[in-house]
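You will see two complexes here that share chain A, one where it goes with chain B and one where it goes with chain C.
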Partner chain A sequence: MANIELKNVTKSFGKKKALNDISLQVHDKEFFVLFGPAGAGKTTILKTIAGIELPEKGLVKFDGEIVNLVEPAQRNVSMVFENYALYPHISAYDNIASPMRSPLYKKDEDYIKERVMKVAALMKIDHLMDRLPARMSNGQRQRVALGRCLVREPKVFLMDEPLAHLDAKLRHFMRAELKEMQANFNTTTIYVTHDYMEALSLGDRIAVINNGQIEQLGTGDEMYYTPVNEFVARLFGEPEINIIDAEFVLDGGNKGVRLLNQIKSFDIPEDVYDALAATGKTQFHIGLRAIDLNFSFERQSEHDIHGQVYSIEPIGNKAVLNVDVNDTILRTVSPPDLNAEMDSDIFVSVNMKNAMFFDAENHELVVRHNQSQYTKAVK
Partner chain B sequence: MFSENQSLLSRLIQNLLLIIYSIFALFPLFWMALITFKSDLQMFNTTFFFTPTLDNYKAVLIGTDYIKTFIDNVIVSGGAVLVSVIAGVPAAYALARFNFKYKEDLAFTILSFKFAPEILVILPLFMIYQKLHLYDTYLGLIWVYQLITMPLLIWVVRGYFEDISVEVEQAAELDGYPWYSVFWKILLPLIKPGLVASALLAFIFAWNSFTFSLQLSGFNIQTVTVASLRYIASDTVHYGQMAVAATIAALPEVILALLIQKHLVRGLSFGAVKG
Partner chain C sequence: MAKLILKNVFKRYDDRKKKKGGKLADFAVNDLTITCSDGEFVGILGPSGCGKTTTLRMVAGLEEITAGEIYIDDTLINHLHPKDRGIGLAFEDYALYPPLTVYDNIAFNLRAKKMSEADIKKEVMRIAPLMKVEELLDMKPAALSGGQKQRVNITRALVRRPKLLLLDEPLSHLDGKMRQILRTELKRLHKEVGCTTIIVTHDQLEAMSLSDKICIMKDGLLQQFGTPYEVYDDPVNVFVAGFIGEPPMNLNKVTITEEDNILYFSFPESSVKIAVPSKYTKVLKTGRHVTLGIRPNDLLIAEDGSPVKIAVFENLGDEKRIGIRIGDEYLTLITSDETLYKQGDIIRIKVHEEKTHIFDIETGDKIRA
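The block that comes next holds the complex of A and B.
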């Protein structure tokens, strides 16, 4: 149970800046997710909080107290490492029991046994307790590592991709389990992932990390509906958001935006129009989620964009339908049993109410319809 | 049926070859052991049939201070390995874990001690030892034996440390263990095969060392390899007594190697953490 705060933390490895002036605050009992591509600096943030890596500049605070000079062991944190970091020479049972046998967190053997078996049952690894890590699959090792982390009651759980090596079914199960556990444990958790679904479903708040910097910090809804820039917009959602050039048209009767060399421009909501006009620019990027593009095989309205079926990728309960419009590929979703000939004609309509507009030069969000409605949801 | 016959045949040939090889390998040892029971008179005119005698053993073990040289050898070689382990394991850890300037050059320099011929440095060492009064002392020999034992130990153990991921140590730290517990409970068990194997090998090399102990000791301290030479007199060579000295000198190595041969093969060929 602790507030964790990083203040202007900077850390380099050689010439590469791993963390560049990171400041963030994790509230007590919060499930905080660090999300971003590989090599962004997520793991380094965790290790800095754990005290394994020391920041060159900046402060690490637990409950307002500066802990920069506190040894990792004394910080009372519990961590799952991405490469499991199990002790290879002792059994799964002893691995999980290890924190409770250390001089610092010593417990008696009866208590240890009860705790270990409870965690093992939760992780569904009770049949592996006698095994050495070398004789387990990656998924099993990961669950042992997670068990070793959860067996204690630390100030904060630090989890570095703890579900990455589990098979899909188990991953979904464990995700729900973690969420449930977090609610019961009342412990602060900082969770690193590169899976946006994990980030959205688990995180009370999410920090998107890129190149050692925080791109955006907020709730999952904020990330999804009002990403601060195109980078964040692309990270959330499957299939990836469509980001294409849009030309802002001001002249009287035809006001709106023009996409993909279409003759007809699209009407846009009043608030969006005002925000775009206020910038004084005419070139923007428009971000359209796949679900905001509807398709039909016959022209429904004069605004429909004419294209050809490029490919269909079935992904279980839906399919990703790629449409080729003048060599630009638009991603949209279709029912999985859609029957369409390759290169056949198709018409795409756009739901402009959900479109996001980005600056064409610095790729930052300019506006979306009803923007204030999404951002005020911060708790 | 046919295949079974064939495998029987191939097994037969395999065993035959192994028997031939073991005779080839063991015969010198057998010959040496045989000679220890021959008197000087029968040394050259008998092969397998002679009147066995224990006179050589008596002459060597009671008539000379061979037992003292044996103990000297144990002290010097054992001491050298002990110093190498105490100083070499931390050195190996540092070379495996920390990044510092000229790290690889330093590691290579340590290794290069091993492949420089001893005869190359023996004269300057002799003169330095005279000046420092290290000549003919246990400390002097243990010190110079580091050239033999230390590089081997550092290089093998370093490889073992490199195989252990840093996160394992970090995890142990977060579990609440102080650094010395991390070393005893986590690192030491993982490097044990390599440590045991390289320490044994270092001991054997130190035990067998001839040049250093010949040049840098001789009056107060004598090692068995040098002592074996005493049985060459100006008028005759006492092959029987020399064989006794050599046989007894070889015993500790053989026994040690047999005891930990399992570690020896595994320790020098595999890394610490598999899979």
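The block that comes next holds the complex of A and C.
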């Protein structure tokens, strides 16, 4: 049980600034996700909390107390690593028991047995307790590594990409299991990942990290519906969100936006119109998720955007349909059994209610329809 | 451009023969017969050790064929020298010559054929724009990203105007976004060049998205050969059902029970039962154990369904995933419904009748109505 706080933490490796003025607060018993691309600084933040890395500037606090000078072992954190880091020469049981046999947290063997078997049951590895790591599958090793982390009752669990080495199918199941177990953790957890589905599924709150800085901090809904900038918008969702130029038009009765050199402009909701008008600018970027584009092989409305089928890529329950509109590719989704020739004519309609508008210069979110609905918890 | 035919092709590695006496199971490729039509994009898909790369290598002439026949168009190529097979090959690891520029790498095989420099230039410039490598021609491989290296690698294979383009896990080394981009471009390239193409991959998503037809292998044996939608929508056995699709199809052991003359799939150690679609009532008898296969999208929330408790609720933005535990069995349900559930909520579920698959519990084969 602990509140964890980082205050203005800065850290460099040589010339590279790994962490640049990071401030964040993780609440007691919260499941907090650090999410971002490779090299963003996520793991460095985790190691700074663990005490394995020392900040050059800034404070690390556990429950309000500064721990900058507290040794890692004394911080009472429990960590799980991406590469499992199991002891190869001892059994699963002994691996899981190992933290409780260390001099600092030494417990008697009866207590250890009770805890290990409880965690083993939770992780569904009771039957593997005598086995050496070499004789386990990757998924089983990951369960043992997670079990070793969960066996103690530390102030905070630190998890560094625990599912990254598993194949897509196993990851789906393990993620769901972690989510199912969450209620039983009852302990502050900080979880690093580069997989947006893990972030959305597991995180009570998410911090998006990029270049050693926090881009956005908030709930999954906030990230998905009101990303603060184009960078964050692109990180969530599959296929990637479409971000294209949009021209704000005011001429005559036309109050809307024009996309992709179409003659007809699109009507936009009033709150969006007001926010765009208030900026005094005319050039924006519009973000449209694939599911907010619909298509048809015959023109349905004068607003439809005429293009050609660039490719259809079935991926199971749906297909990614790429549409070429004058050399701009729009990504949309179709049923998996769609039958269409490449380069055939196609018409795309846009759900403007879900469109996000970004500033064309600094790429920050200007507005989306009903914005306040998605930002209950503020940064 | 060419048609490729494999007729009862076997491959056995000698050391295996010695060790195990050459039993049937020791064939790396076991009686494979497939036809790839002219201009088709065919994916050979399977887990590691299924024989997919061995198959490709036999076509390329890198492996001896133990038995059977391989034809390109109507020519038997079993004993044809690899260079005379008219094949372009691109491997996973690029294999570019580091001291040579991109241009020289691409031109390498044409020079080996003693083609004139003017003709070489013409050929390189024909393919380079298609693969978007024109701007890289003066660079050395070390300066290229993984995605660029693979583009160059594929350009080099295509520049020889092969009858058949063979790609061995070409996207495996690339990161997620680059893989998606190159996947789309490979698909476009195939449309532009029209060359019969075989891709070997262990990634079902890659095989599904690229191929006109997929050949799914396991332990050297062909499991199913069909369009991406066929293998997804109508898998012939439990292996294909579980291998194709992400998240995978729910495959659960159930027992057929009867109540008031209605047949149900009953989950063990629970009271949950789902009505058997009427078309199966003739082929299923009470008391039989079967594997029930339902895709996460074909499990539906419905007023008239069976009540179950939510074990996991995941809001993933574009979709919501619901995990359900019934006894020891676990099921995933995907919905785009906006409702936000939580762990412990009770929902009622039923199955999409037309999309219910049933497999024999012993053989794993599909039971058809």
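Observations on the structure shown:
Here, the second predicted complex is superposed on the first by the 348 of 379 C-alpha atoms of A that agree within 3 Å, B and C clash if a C-alpha of one lies under 4 Å from a C-alpha of the other, contacts with A are read in each partner's own complex, and residues count from 1 in each chain.
Convention: a contact is a pair of C-beta atoms (placed from the backbone, for glycine too) under 8 Å apart; a residue touches a chain by one contact, two chains touch by 3 or more.
As the structure is a computational prediction, the values presented were derived from the model and not from experiment.
Three-chain overlay on chain A, with chain B and chain C fitting side by side and no clash.
Put simply, more of the residues of chain A are touched by C, taking chain B and chain C as the two choices.
Contacts of A:Ala134 after superposition on the shared chain: chain B is touched, whereas chain C is not.
When both complexes are overlaid on chain A, the residue A:Ile291 reaches chain C alone and has no touch with chain B. Of the two partner chains placed around the shared chain by superposition, chain B is the only one that A:Val77 touches, whereas chain C remains out of contact.
When the two structures are aligned on the shared chain, A:Ala18 is found in touch with neither chain B nor chain C. In the superposition on chain A, A:Leu166 makes contact with neither chain B nor chain C.
Centred on chain A, the angle reaching out to chain B and chain C in the chain A superposition, using CA centres, is 80 degrees in steps of 10.
After overlaying the two complexes on the shared chain, residue contacts for A:Ala183 are found with chain C alone; chain B is out of touch. Contacts of A:Val320 after superposition: chain C is touched, whereas chain B is not reached.
Taking every C-alpha atom of chain B against every C-alpha atom of chain C, the smallest gap after superposition is 11 Å. If you check the complex, the residues on chain C that touch chain A are 177, 180, 183-184, 187-188, 191, 205, 208-210, 228-229, 232-233, 244-248, 295-297, 311-318, 321, 323, 330, 332, 334, 336, 343. Residues 165, 167-168, 170-178, 181, 186, 189-190, 272-275 of chain B touch chain A in their complex. By the touch rule above, chain A contacts chain B in their complex via residues 47, 50, 52, 71-73, 77-79, 81, 83-89, 98-99, 102-105, 133-134, 148.
Across the complex, chain A meets chain C through its residues 168-169, 172-173, 175-177, 179-180, 183, 196-197, 200-201, 220-221, 224, 236-240, 289-291, 310-311, 313-317, 319-320, 322, 329, 336-337, 342-343.
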